[in-house]
Amino acid sequence: MAVLTAGRREGGGPPALSRNRETPLAIKRRRLFWPFVAPSLAFLALFYIGPLLFGIWTSFHRWDGFSAMEWNGLGSYRALIDDPFFRTSMLNTFKILVFVGLAVFVLAFALTMVLREMAGKKFVRAVIFFPHIVNAMVFGVLAGFLFNPGGLVNSALSAMGVQDPPKWLGSDNIFPLIMATMVCTSTGFYVAIIMAAVDNIPTYLYEDAELAGAGAFRKFWHITLPLSWDVVTVCAVLWTISSVKVFELVLVFGGTFTTNGPPIETWTSALYIYRNAFAGSDIPQFGVVCAAGITSLVLVAVFTVVLRRLMRRDPVEY
Amino acid sequence: MSHTGIRTAAAAVTAVAVLASVAGCGSGGGSDGKSLRYWSMWTENEPQAEVLKSAIKDFTKDTGIKVDVQWQGRTVMEKLAPTLTTGKVPDLVDQSDDKMYPTLIASGRAKDLSGVFDRPATGEKGPLSSKLKMSYMDYLRELPDGGGKKWMVPYEVTSVNLWYDGADKSVKAPATWDDLLDTCAQLKKKDRACISADGDQPVYIGWWLDYLADRIGGDGVMKKAITDKSGKGWDDPAVKEAAEKVRELVDKGYLLKGFDASKYPEQQNRWAEGKAAFNLNGSWLPTETAKFAKKGFDVKAAPFPSAVPGKGGKRNATDVRLFGFAVPKQAKNAAAAEKFISYFMAKKRLDGIASKAGNITPRPDIEAPPVLKDVKEQLESTPSREQMPGSVTDYVDKVFYPAYKELFFGEATPDQFLAKIKKLHTAYAKARR
Amino acid sequence: MTPMTPATADPATPPAHVPQPGQAAPRRSRAERARVSPVRTVGIGLIWLFVALSLGLLVWMLLTSLRDSRAIFAEPWSLPDPFKLSNYTTAFDSGFGRAAFNSVLVSGSAALVSVVLAAPAAYALSRRLNRLAGPLTMLFVLGLGVPGQVLLIPVFFMLTEVDLVDSLPGLFLVYVGIAMPFTVFLLTGFFRGLPGELEEAAALDGASPARTFWQIVLPLARSGLITAFILQLINNWNETLFALSLMQSNDNFTLPLVLARFIGEQQYKGADWGGMFAGLCLIVAPMLIMYGWLSRRIITGMTLGIGK
């Protein structure tokens, strides 16, 4: 992704126009720039830049959306720190980012390695990719049906003689279950990306390694991983972004949608913002809600920067 | 130079602008008193919605006022909240009083509906207030600007009771807490569960503590605990005793397995199937579980047992939760909305709530559905109290439930529960300052 | 890595490897295969098991949507007997019909307009027609990292100002706006991969740059545009957070909102799992059909543009 590679791309690429051989044609083309770019840029300004500035501004105010804004300095951010449920939601988001992320990557690589030479790999890829384009609410509801005390999983377990099945949807297990669901539904997407990268690795490298007597793990460690590192870095950033957005799955997890909302121990950053802004509890504090939004944005930014730092390697040529 | 590219771009922008302006014209109702917008807590296929729908049809026929109704479902207040800041409010909404309170009442954004109570219901004589059992409304909190309690016109009265199967010979209505424990112990010997409870419903499991605390310490114990900013209300010994009793139920294994991992309405359906003897629930339970009831199930309601034998009065009050209409202050068609309320509250239309939707109405002259006869009698003969008094949605979510579920799930002792709830209570009060 | 290739290229095509003369073609012997096999065999087994379970769940969901709720819990594994279409009638009565129409309308039009707006911009940025092209590209890319919930409140109040809350055109505008970073990013990469020679040839023939774009570049880029359209269509179809916060009238609900309301409704009506599964099928089926038809394009579009 360009976030990571833009720097390297500056000089290369298709016909860039250099100033010193400006032809009349080139000038005409240059005139196209603003008319071509302006509409998208306007939308970007309207739906990203403007709202972001407004969000930052609001986060420094006390505002119920109704009366005039009142300067509040860092008050909203202090309120967030004091709010145990903000901490819970951020911690949950963080857990998804790190734990689900690690699981997805380990699994995605394992699957890619196995799939690499497997018959029917395109079919498998298509099947495990599919959840990526389905609204996650569907999985939330399905999980409810499967893991209800009288649900499918427990009835299967009791048929197998398990008398005391775990409390799947109990408060200790529900969030881990949400994370497990996420692993199942997200891995396919990353398998597809990594598979595309691995397919670009010349096969003779593997053959040479085999001749040298390398096992599966060593092939992975010395060939696959280094040669797909760029893509892995991109995936890590993508995962960071998408994990902070998690919303639908938690909203209806277990097949419930009531006024109480999902249990508070499962809230994520997006849930925190949605519930506090619109859940009809007391007088809305939009300053605090916006501050929570800005905080989640900072989380994305910090993580992206840290990931890029940690994962920076010299590009491997082959 | 051809301007095709520019024109393409311009055309796209124009298209967007046109679409946007079309939307501007299309939305937002008029304020000519000939129409009103009603957002309902029911979804379109529920029996209450059917009753309201037919009333709306007649209303439009009789008055010429069109009703634009949106069946929002239970999350109607979540839909309403943002509109209060935008001014595009509906003219009429309905929900239970506690759900309406934080959004509409705490900030003083509901209209005082005294006029509706003073006028007769459409086609009747005498003020509406003379037709309703007005004492149901005693527990409501006042509008902050001194507007009184009449911000709501209730059309459905619910109450929480201990539900059981009258056809089940081994189960009988417990008069005292000890009776209940006895019955449970008997059932346990036969390897049957005594109580089913959907542990993911904060309020449903909360009623056990709520009822017990007031039964032990007298009316107002829970109200003080929840509403007193200092958090000292939780120190009342009655709360602790109630917590111990709740914990006893759990420790003795009287609850149907899965209560702590349930997804509503799983456990209440298991109750209807006869898997547990009792379910503490609202008077809507029979309708909700009808589909799952086993053959021959005779739904009966018993008052919550008394905990201190021999002491009566307010201590053994029946709790009440009202469902009804409210009108936001910013409503453009408030007069039309009030007209509709008066129209709906007339006996012959409100009767549908009892006869078709299977619920109790605030009008004593409307007969309760057969399953709820006992409950109605009880409501009209005993004093009433508010259930989970003073708790607004987010207090339950952020303070009560996180602490209480640990007690109810047998993970925390009564002392640990009290310590945690006091901590959360203080944090909550602080965030609201 | 190689420059981005058009999204239709098959990512799975391995680069050609020319065997050294005299060396045997790299075909592994049976013995070699056997050596790597134990872990792999288990892995392959697990993969097929997972695939079977996933497909099973999907099929089971479809079948269960045709069954009676009570029967579902009593015998979760049985086949529908008789087929019960009433679950679908229930779902349609609960507003799924109207919502499906809204979803198609808003998702489709927003996807179309976002591609129409993004294509020229992506072209201009990819051809670096201005010194600001680099920084502007970066600006669009940064937008990719902004989670929706950060924008939610400001966008809500912005739309309130112009009276576009609770209106489908309002939601349409939001979807177009939200789509910009990804669509521009995807298409910029795509245009970069198109050779510039044809444009130069067209210019020598005297075609104006705008006409060149319209008549030469766009047709060449057709597959990229279609991919961008489909990906946005999918995103919009599944979008829940904004729709849930912005839409209020039943007539303006999109499918995810009706599904959410339906879930709630089924709960207090006594867990009508049959109806619920019908609802789920209604939201999944269009995706499934589209996926069956275009899965290659969807997968490559989503992964290749990103992997490069």
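For clarity, chains are labelled A, B and C in written order, and residue numbers in each chain start from 1.
To be clear about the criterion, a residue touches a chain if its C-beta (ideal position, glycine included) is under 8 Å from a C-beta of that chain, and two chains touch if they have at least 3 such contacts.
On a predicted model such as this, the values are computed, not experimentally measured, just so you know.
Taking A-C and A-B together, the pair of chains sharing more C-beta contacts is A-C.
The most distant chain from subunit C is B, comparing centres defined as mean Cα coordinates. Separating the CA-averaged centres of subunit B and subunit C is a span of 40 Å. Between the Cα centres of subunit A and subunit C there is a gap of 15 Å.
Each chain gets one centre point, the mean of its Cα atoms, and the points for subunit A and subunit B are 38 Å apart. Listed for subunit A are residues 28, 31-32, 35-36, 39, 65, 150, 255-258, 277-278, each touching two or more other chains. Multi-chain contact residues of subunit C (touching two or more other chains) are listed as 117, 120, 156-157, 173, 176, 208-210, 213, 245, 261, 264, 267.
Among the residues of subunit B, those in touch with two or more other chains are 1, 5-6, 9, 12, 74-75, 79, 82, 85, 264, 266. Considering their complex, residues 28, 31-32, 35-36, 38-39, 42, 64-66, 79, 82-85, 144, 148-150, 167-171, 173, 254-261, 263-265, 277-284 of subunit A touch subunit B.
Interface of subunit B with subunit A (complex): residues 1, 5-6, 9, 12-13, 74-75, 77-82, 84-85, 99, 102-103, 106-107, 199-203, 257-258, 260-264, 266-267, 270, 392-394, 396-398, 401-402, 405, 409, 424, 427, 430-432.
Considering their complex, residues 1-6, 8-9, 12, 15-16, 19-20, 22-24, 26-28, 39, 43-46, 70-75, 79, 82-83, 85-86, 88, 264-266, 269, 284, 288-292 of subunit B touch subunit C. By the touch criterion given at the top, residues 1-3, 11-15, 17, 26, 28, 32, 36, 39-40, 43-44, 47-48, 50-51, 54-55, 57, 61, 73, 76, 117-118, 120-121, 123-130, 133-134, 136-158, 173-174, 176-178, 180-181, 184-185, 188-189, 192-196, 199-200, 203, 208-210, 213, 234, 237-238, 240-241, 244-245, 255-256, 259-261, 263-264, 267, 273, 276, 280, 283-284, 287-288, 291, 295, 298-300, 302-304, 306-307 of subunit C touch subunit A in their complex. Those residues of subunit A that touch subunit C in the complex are listed here as 1-3, 6, 10, 12-17, 25, 28-37, 39-41, 43-44, 46-48, 50-52, 54-55, 58, 65, 110-111, 113-115, 118, 121-138, 141-142, 145, 150, 152, 155, 189, 192-193, 195-197, 199-200, 202-204, 207, 210, 215-216, 230-231, 234, 237-238, 241, 244-245, 247-248, 251-252, 255-258, 269-270, 273-274, 277-278, 286, 289-290, 293-294, 296-297, 300-301, 304.
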